[in-house]
Every structure is written in structure tokens, then in C-alpha cells.
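As written, the chain order gives the labels A, B, C, D, E, F, G, H, I and J, with residue 1 at the start of each chain.
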């Protein structure tokens, strides 16, 4: 059993239990975006969360629990340029606005990066008379280049 | 003269005038992120903005103005997978959190996408005792799949 | 079972029942192009359509039904440049006429795109003494760039 | 001077004369989509059209005219997967609906292709209270596989 | 069972029966090149040929027969640049002589293509005292660009 | 001056002299396909032919002559998968019929290849009431694998 | 069973035994970095080490032992550009500092390389009040170009 | 003038002055590895260092100084997989030992990365009777994943 | 069973019998390099050799024997740029010395190639006080370009 | 002037002087293969050889001499998979025989590589009644993996 096999198993159990990621996150008391990413194979879960999730999903062998708490190889199995339209729009934003964001980060903070490790992400629905909007907030620590 | 040539000319003039993108944006009264992207060749400027920018930079032939108001071929000249660390972190976020964002957009809104066209983007510095943070907000209209 | 597995299962059942996509679509009362794309793994079906299709095909486990109603990861499993001649001609049209279409969309509507989300597609046979013709109509909402 | 050089020269002259592709096409009496593609380097012009276009644009050396009437190497200089959002949406349609179109062409006509050679294309603005729509019609001769 | 699975099954049966493609073609009375391509998954067989081939090979479930008569997705599973030396030489010919063939097709026929659909192919052994030669004849209808 | 520069210069002179490749070949008494390929940078010319061609085209510096007689780096500057439709159809033939040709070469000759070096190529127009046809004949020595 | 299958089996046994690579290395008395690389399929183990590891992990068929002592095909299964952030940072260092390291190796030693074969690697934790640091030391024999 | 142009100009001046990177670094009092990377276009120089370097090299227009102090787009112009043997060996180390380093970083520190930003690098010659050795030390802050 | 499956089976049997390729070659009286390549799926074996090898390895179904005598699709399953260091060095030689070899083959023989079909290869250990050397000799017939 | 510019300049001078690489090598007393590779930009020349070559070619600025003695970035400008048939055959040999060579190097020497640094290469014409043969000898020191 690889982590990819386990992800598939989790998705099947979630479908069978008819649970949303939001519901799983609120039941075990973790952040929704973080937990979704973790269950999709991008973060390790601590032992307590692993147990709670597996139990909720009706899974839970020792192997599954151990595997779920291991640091995964992130980003494997994701397309370099995503074909799915929902994912592609995020990639497109990077192409159109990436160089502008780089220029402005340097104007605002100097030479460095927005950390993707000391980092969190939120997704919100914002009501709007012209059609509701998706608001995604990336929030990362600025790390200055430091020799 | 192509749009890429013009972008290079603009960057050289900006360097010579020792102006930041933020200063240019506030002088001509446009959004900072939007204008930076436009000057980097990703959006057309309306005639008024084009004139104001070119004058500010000490440029301004009729050709440059006309070219600056044309809809550009976006994203050309950008690497599919960026090598620059500041840009790469944004790409990495997409790899680690993209599938989670897709899943949660569908849970929250149903089948559809966050528009990258009816869309805006903000960059902010958030002070933090553990080190200041970069906050990037993507805000796009939700577009449901509709046959 | 992944969505790709389910697509294969659907194609095998369709072959066994000797049904065309057109017949399936007319039996369950949905648009032919839309339903074909959906059964090939590109759209979720609503629960009612999912049940009707699965019954017609002699399938229908709870798992299959649940999977068929989930938003899929679109475009996965499709070649970036298709090798099949029937598909390739559509890709070739994009290479030969794409930049012209972009230029004319901007002349006609200003800066923006033809939505691929608020979008539909029709395929028609047009009789012609020189040989019948395939007519494909792409019809999408124009979305202006709007900050 | 290569054909790509000539295309750039034509675009610069067109910008200077402040002419749209639609205006050029109606002045010299040719189809708008076809002529735009031709001026962007995808079709040869017959001698008469070449002369008319070059004169209209204030160009017209013997070399330019000769080059404009030569069959070009089509599709060179176009990205395999376009990054420009207006172009990308057309490519996305191919990914989402391509296999469905293939299946339905075969159901409707048997084994074969829609020709991209005996082919024409129209672009139209369709008014709609929910927002005007872009309608693109691909019309190609069906060619059956024939040994 | 996909078409690729069926191709593998056919090759195993052919090996077991110790039949060449040439023998199969002559037994069921079809062109040798065409039938070989079809059995390798590149063309559908009509029902009669499908039955004859499957019987000859000692196969023949209803599923196999139905699958063999479906229009396949051509070219899938073939390398973009072939590594096999026998295949590579054909690809190399394209690199060395392709642009010359294009130029001469246009000189001889005007703007257009050699159809790969209204097309046939022959392979012949030509005796030669300096070593026998392979002669491959591509014969396709000329299709003029026609708007 | 590289060989690619020289090819461009030759094409410009040919355009100016309004000569076809066929005319050049017959004037200097060489095979039309071979000479076209050579002038497009794929073969060296012997000194006599180089002189004759350059004179005919109104070129002829010592450098040009020397460069034209050097063995070129073949295939550079050609796309791995051609986008031009006239070229692409030849590539498509390779995808659809390549494996069949390989199988039949082995049935007919045993293990080995059709040489692309001891090789010639002819292009012919064949009249046909259903539309004239392009006939391309590849004729190469069979080379058996021989340790 | 391929070496990749064996690696997966080893990782599952290690998870079940709840052993770290460091523990395995110290139990069988080998270098930690070297052994981890070997167990991940990048080096052969000598027979003694193979036996000790397999026993420790509760594995140990004759096939597994033989396979573990064979020289593997290194680097297969690793992404050309790694997506995992922990791996990517190492790749990024190569992009940012690679050319500088090359220049300085040549200044220091003359023309040649740092061997990756007569080579070892150490990983160390260095305590630091500003946050502990990872120290990785690459130590390879200098090999001068020598004809 | 782009940053790549400036790098080329710096290398030409360095060659003309017959200076090594080590000499430049010691003359202006900066770290040798850092400065070499900076002069090769991977880091901005502060104004003082920029002036000192340019003066030392006999360069020094205002444009050059301004460009040298701008944050560059890092890693552009570097091959994804380097072909130069001196560089390739570093890439090879990543392929052979990367996954082992990842595993041991996680064993030693938990989930996180070695920063490539709060990072420094040293290159040293270590004498050895069997042939001198290159020792490269990567020293980066450990950054734990922290939501 | 495909040829790749058979190769894996042969490698497993060889491991179990603890035989080297050299031993197998000398037992059945064939060239060592040629046979190793053949057993790794790159050449067909004649019936006699196939039987001898399979018997020696304790294999030998009729299917295996038939498959082993078929001309394989060469080079499939090999990486375009090999990651294994032992293989990569051979590829590196091609990058560093390839253009020189091409130039010298043309100086020595005129326009043409070294055949890779009428070709053999030897590997030898040459003792050397500074460390033994690997000597690989490529020996192929020169084939002049001949129309 | 980059090293690539210099290579082009050298080739033009060589053409004008009508010198072969073999003649240049024998005039300045260096190995023919090594010098050809060096002049094609793959090795630095020592000062004496650089002077001799430049004088022989009628070149010789101080810049050219300095550049010619610098360690170049090897392999840049060479195609990953060569399209030239003379080069491709060498690449093909790698695909067909590479894995066999790896297996036999390990049988003969144990785990390690043939060095491409402590390495030389010879090219020879071997007369043969069936057609002369090209013999290429790769001779490299065996380097055992050594931690």
C-alpha cells in the first residue's frame, strides 16, 4: 500500500459515508483547507487526527494509520500544467500575475520570498449581487535572502 | 517593436527614473497590482493611462502608445514551471494545495470555477512579531458550469 | 474504483447493450454532446440522470452512482497534442486559426474571452452535394476582463 | 526577411494606420476570419489580394508581395499549449469535449474526420440578455477513411 | 478490456497459431498493410472481417468482436519520436525530406495536403544485385485548401 | 554565416528570380527531390552543383560555395512533431501505419531496417477522376542486422 | 519482483517494525546516509548487510537477498524536477549556485569535476539560537580532465 | 540591456582584466561563493558592492549599477537538466541521494525543509593522498511546516 | 505476456540460477555483448539459441520461446536521457564528443554514417597501473549517402 | 563574444583556409579527436595551443585567446536527442546496447562507472572488402563506487 493507494481508499470511504471534507474537518476539529490537503496526500497527520479520521471513515488498520502519519512525497501525481479548468484558472493567475507579484514583493519587502512552509491558506465565499465570489487568501511569512 | 521589446524599454526607463511600480501606480491613479501586470505586458492600458505612464517614464512615441493599448498575448515568455524562487513558491502552493482548493470550491459552490477574468488580486504586508507576512488575496467570481 | 475505471465500465456496458451515445441521450432526455462528454468522465451527472443511465446500461451500484455525480478532474487522460486524426484536426484548427480568432474576438468585443464554462457545443450533419459536412458550433458567453 | 518578419511588419503598419482586421477584410473584399489568419502568416494570399493589402497598409516591396503569396509553414511560432487565456479556452474545449466530438462524429458519419482543409470558420456576436455570446462555427467536409 | 488489451491478445494468438500478418490477410481476403494496421489497433474492422480474423485466431467472444469493429483512438501508445531503428528510419526520412516534400507538393499542386484519410500504402520487395530494397508507396488524394 | 543563414539567402534569391525548385533542378540537371532537400540545408552539394545553383540564383561568394559543399547538421530546425498540416499528414501516416510497416518489413525481409542513407524518394502526380493523387515512393536498401 | 517492488516491501516492513533509517543503520553498523540511499534502491548491499537488514525487517527470501545485492538502475523513478518541497530546495540550490560552484571548482582545481562516485555525503543538525540548521556536506574526489 | 547582457559584459571585462572570482571577492570583501553567484546573475548586489565591482572591472555606467542592484529573475538561462559534466555531477547527487536526504531530514527534524533562502554554501579544497577532494557544504535553516 | 514481461522473467531466473550474462553466453556459444542485449529485449534470438537459453534458465514454455524469437520493438522502456550514472557517462560522451566524431567521420570517409545495424560492439578490461580501464569498441560499416 | 560565437568564427576561418580538423591537429601536434572537440567548444585549450590554432586560422585577438583557454560550459547547444543521422546512430547504439554495457561493466568490474573524464576516444578507418568500417574506441578509467 502506497500513500496514493491510501488516498484512493479514503476517497472511496468518504463517498460511501457521504461526508464532505468540511464535515470531516469540523468533526475532528482541524482546519478545513489543511485537512483536505492532508487527506489528498499532501501532509502527514498527527497520530490523534489520523485515528479520528480513519475511525470516522470506517477504516483504520495499523498500516493505514502509520502511513497517514508519515511525511509524504508532496506534489507527486499532480500535472505540471493542470488540465482541469478549476485548477487551471489558479495556474493561469500565476502566469498573468506572477511576475507582478514578484516585483511587488521585492518593492514591499526587499529581496526574498513568501514562504510556502510557514504558510496558510483560506477559502471563503463572498456574497455579491453580481454573482458570489471565491476568495482565496495566501498568507506566508516573508523570508529575506540571508547568507 | 513587439510588446516584449516595449516591456524591456519600460523597465529601462523605470530604472533610469528610479521609480517603483507602486509610485507609478499612485501617480497615475491605478491599482498597483493591475498596473504592474499591465506594464509587464499582461494587460492593455486604456489610452489615457498609456499616455500618463509613457510621459512619466520619458517615453511616448505614437507606436509605443498604440502598442500599449493593444490586447497582448498573455503569458508568453513566462516559464511553464518557474525557476525563480519567489515565483516558484506560488507554483508550489498550487501543487500542494490545488486539489484541496478544487475539492472545497465544489463543496462550497458546486461544479464550476473561480474566474481568472472577473478577478482581482491584492498584495499586502501584514506585521507579525514572528516576522512580517505576505498576504495575497485572490478574489474571483464563481462561474457555475452552465450548458 | 476511480472515475477512469467507471468510464471503462460504462463503455463496456454500452458496447454490450449495443447503444449509441445518441440513443442514451434521447432515452434519458439530455443533450447529446453534453451527455457524451459526461459519460466520458468530463462532467458530473445529477443523481436522476446518473440513475437513469446506469439502469439503462445494466449497471448501478451505489458506488458507481455516487462516483458519477462527483465533479471529476477534467481533461486527465487526454493527450496534450492528440494523435488520433479525428481529434488532431480540431487541434490543428486551433493552431491555424487560433490567433485569428483571438484578434477578432478583441475587435468585436474588446479585451476578454469566450467562456468555456458558460458554454455549449453542438454537432450537426449538413448535407452538401460535394460531400456532407460536419458543423460544430461553439457558443460561449463573452467575459470581459474586469478588475 | 522571413514570413514571421513580414507578419510583424504588417502588424506595425496596421497599428500605424489604425485599421482593424475587419476593416482590411471588407476593404479588399475577403472573408474576415480567412484574411486575418492569412495576415497572421497561416495562408498564402493570391497576388491580387496581396497587392491590395500591402497598398492599403502603405507597404509593398516586390519581396513582400512575393513572400505573401508563398505557401507558409503553418502553425510555427504558436505554443503547443497556449498560455493566453483567450486562446487557452479554445484549447480547453478540445480537452473537455474532444473525445465526445470524436465519438459523435463516428456515430453520425462512420469512421473518418472533419476536414481542416476543406473547411471554413465563422465568428459571430450573438446578443443575449445575460451577456452577449461568442459563437464560433467550424464547418468542414466529412472525409471517410477510404483505402 | 480495452483495445490495447485486445491487440495484445491478438498478438498472442497469432504467435500461438504461428501465422504471419500476410497469411491472415490472404486468408480473409483483405489488403495486407491495411489489415496489419487494423489488427495493431489503428482501424476498425467490419463485422465480417472481425469474425473471420477472430475465428482464424481461435478467439471470438462477443465483446472482442464488438470492440474490434469500433473506431479506435488512433496513434495512442505510439512514441512521438520512435526509438526502434526500423521505425526511426521512417521518422528520419520525414526530418530530412519533409520540408522538400512540402515545397514540391505546393509546386506541383498548389496549396494543400496529401490526404492521410483517402490514402493507401503499399510495401514491396524489389530485388537488386546490390542488396534487395524496401519500396514503400504512399498514395493519397490531394486536398486543396478550400474555404 | 551559418548554413541556416545561407538557406534563407537562397530562398530569397529564388523568390526574386521567380524560380521553382523543379526549374532549378532541371536547369542544373539533378534530381528534383534530392536538390530541394539539399537547398533546404539537408545535403551537401558537390562543387559543380554548388556553383551552378549559386550562379543561377545570382549569388556566389567563395564562402557561400564552401558552406554549400559542407556536410550539414541534418534535421536541425525541424520541429519534432510538425505543426504544418502538409508535413503533419506525413507524420500522422507514421503514427497510424508505422508499426504495421515494421511488422511487414520483418515478415518480408527478416530482422533489419530500410536504409534512410542508401535511399531515394520520388514524388509524382497521379491523375484520378475522383481528384488527383500525390504518390510518394520511398525506396531504400534493406539492411539486415549483422553482428 | 523488481527492485522498485522490493523497495516498497522494505518501506512497509520498516513501518510495521516502527524503525527509523537511522536505527537500521546503527543496528547493522553502516553509514546512515549511504544505507538509506541503498534501501531506497540506489546502491547494492553486500551480502552480509543485505541479510542483516532483511532479518531486522522480518523479511528475507533468497530472491529478496539476491535482488538487494544487485547493482540497481539508479535514479529511475525520481522526477527530473522534483515536486516535493524538501527535495525541490536542493534542486533550487543547484539552479541558483550551480554555475558559481562550477566557476570556483575550476578556479580552485583547474578543469575537471567533483566525482559523484568517489563521493560521500553527510547530514547533520547544527543547533542555532535563530533556529536549528540542516548541514549537508558533499565530499567528492576532484577528477581532472585527462586524455 | 537585460541582466543576461550585463552578466556577459562582466565576464568579458573579468577576462580582459585577468581576474578570478576569488580575487574580485577578496578585493571587495565579500564571500566568494555568494559574490560569484551574484555576478552570474543570481543575486542583487547592494549599491556599495555594485560600485566596487564595476570599478574594479573597468565598467560602471549608471544603468549597469542600477541593474546590478535589482533583484534578478533567478535560474533563468540555466538548463533544467545540466549538460555540463561539472554541473551534472551535482544534479546526479540529487537523483541518487535526494530521497535519502529527504527521509533523514524528516527523521532528524520532523516535517519541513532545509531553507534555500536562509542559506549559505561553502566550497573547500581538502588535501588527500589519494587525490584532493572538493568539499561543498550546504547550510540552511530548518523550516518546519507550520500552518 | 509481452517482451518486457519475458525480460523480467529471464532476469529473475538468472538471479535464481546465479548465472552471469558472460556465463550464459559462453555456455550457449554466442557473443557476450550481443546476447546480453538480446536477453534484455533488444534482439530476437534464433530458435536454437532461444531454446538453449530457456533451458539453461529453467524456463521454456512454447510461448516464451516464440516470443524470444520475434523481432522486438527496440529501445522501448529506455529513458531518453538515462539517469543511471553508468549509463549516463556513455550519454555524456555523446554530448561532449558527438559533434567531433561527426566532423571526423566526414573528413575520413565523406558524407555518410557509421551503421548501427551492420555493427558490433566489444567491451574489454584493460589493466593499467593507474587503475584498470574499460575499453568499449564500436565497429560499424561506413554507409555513404547514396541516392 | 561568447564561446559559441567564437566556435562559429573558428569554423568560418577554417572554411576560408580550407583546412581539415585533422590538418589543424597535426600542424599543432595535438590529438585529432581531442582538438576537434575543443575547437567545437567542448574543452579549454592551453595557452600555447590556443595561440597556435588562432595563428593558423588567421585569427588571434587577446579576447579570442583568453576565451579559448577558459573552461567552457560543455554540451550546451547540443540536442538532447540528436536529429542528424550521423549523430543519431551513436545515440541509437546507446539505446540498444546501453543496458547490456551496464550489466557487463558490473559483471567485469563490480559496481562503478567508466569515467568520461579520465577518458579518451579514437576514431579509425578499418578497411574491409564488404565496405570499410568506422571503428570508435572509448577508453575510460573504471571508477568503483567508493563511499
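Heads up, the rule we're going with is that contacts are C-beta pairs under 8 Å (C-beta built on N, C-alpha and C of every residue); 3 or more make two chains touch, one makes a residue touch a chain.
Everything quoted here is computed from the prediction, not taken from an experiment.
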Contact-richer chain pair [E-J vs A-H]: A-H
Matching chain pair for G-J (criterion: over half of the contact pairs shared, by residue number), options A-H, G-I or E-I: A-H
Distance from subunit G to subunit F - Cα centre to Cα centre, in angstrom: 50
Whole-Å separation of chain centres (CA-atom averages), subunit C against subunit D: 24
Chain centre separation (subunit D, subunit F; CA means) in Å: 29
Residue list for subunit C, restricted to those that touch at least two other chains: 71, 73-75, 78, 81, 83-87, 92, 95-96, 99, 102, 106, 112-113, 115-119, 143
Of all residues in subunit H, those that touch subunit J in their complex: 8, 12, 15-16, 18, 79, 83-87
Complex contacts: residues of subunit C adjacent to subunit F: 81, 83, 85, 88, 92, 95-96
Residues on subunit B engaged by subunit A in the complex (per definition of touch): 20-22, 32-33, 36-37, 40, 42, 74-75, 78, 80-82, 84-87, 89-109, 112-116, 118-119, 121, 123, 125-126, 128, 130-143
Subunit J - residues contacting subunit G, complex: 31, 34, 43-44, 71, 73, 99, 102, 106, 111-113, 115, 117-120, 143-147
Residue ranges of subunit I touching subunit E (in the complex, touch as defined): 1-2, 62-63, 66-67, 70-71, 73-76, 78, 116-117
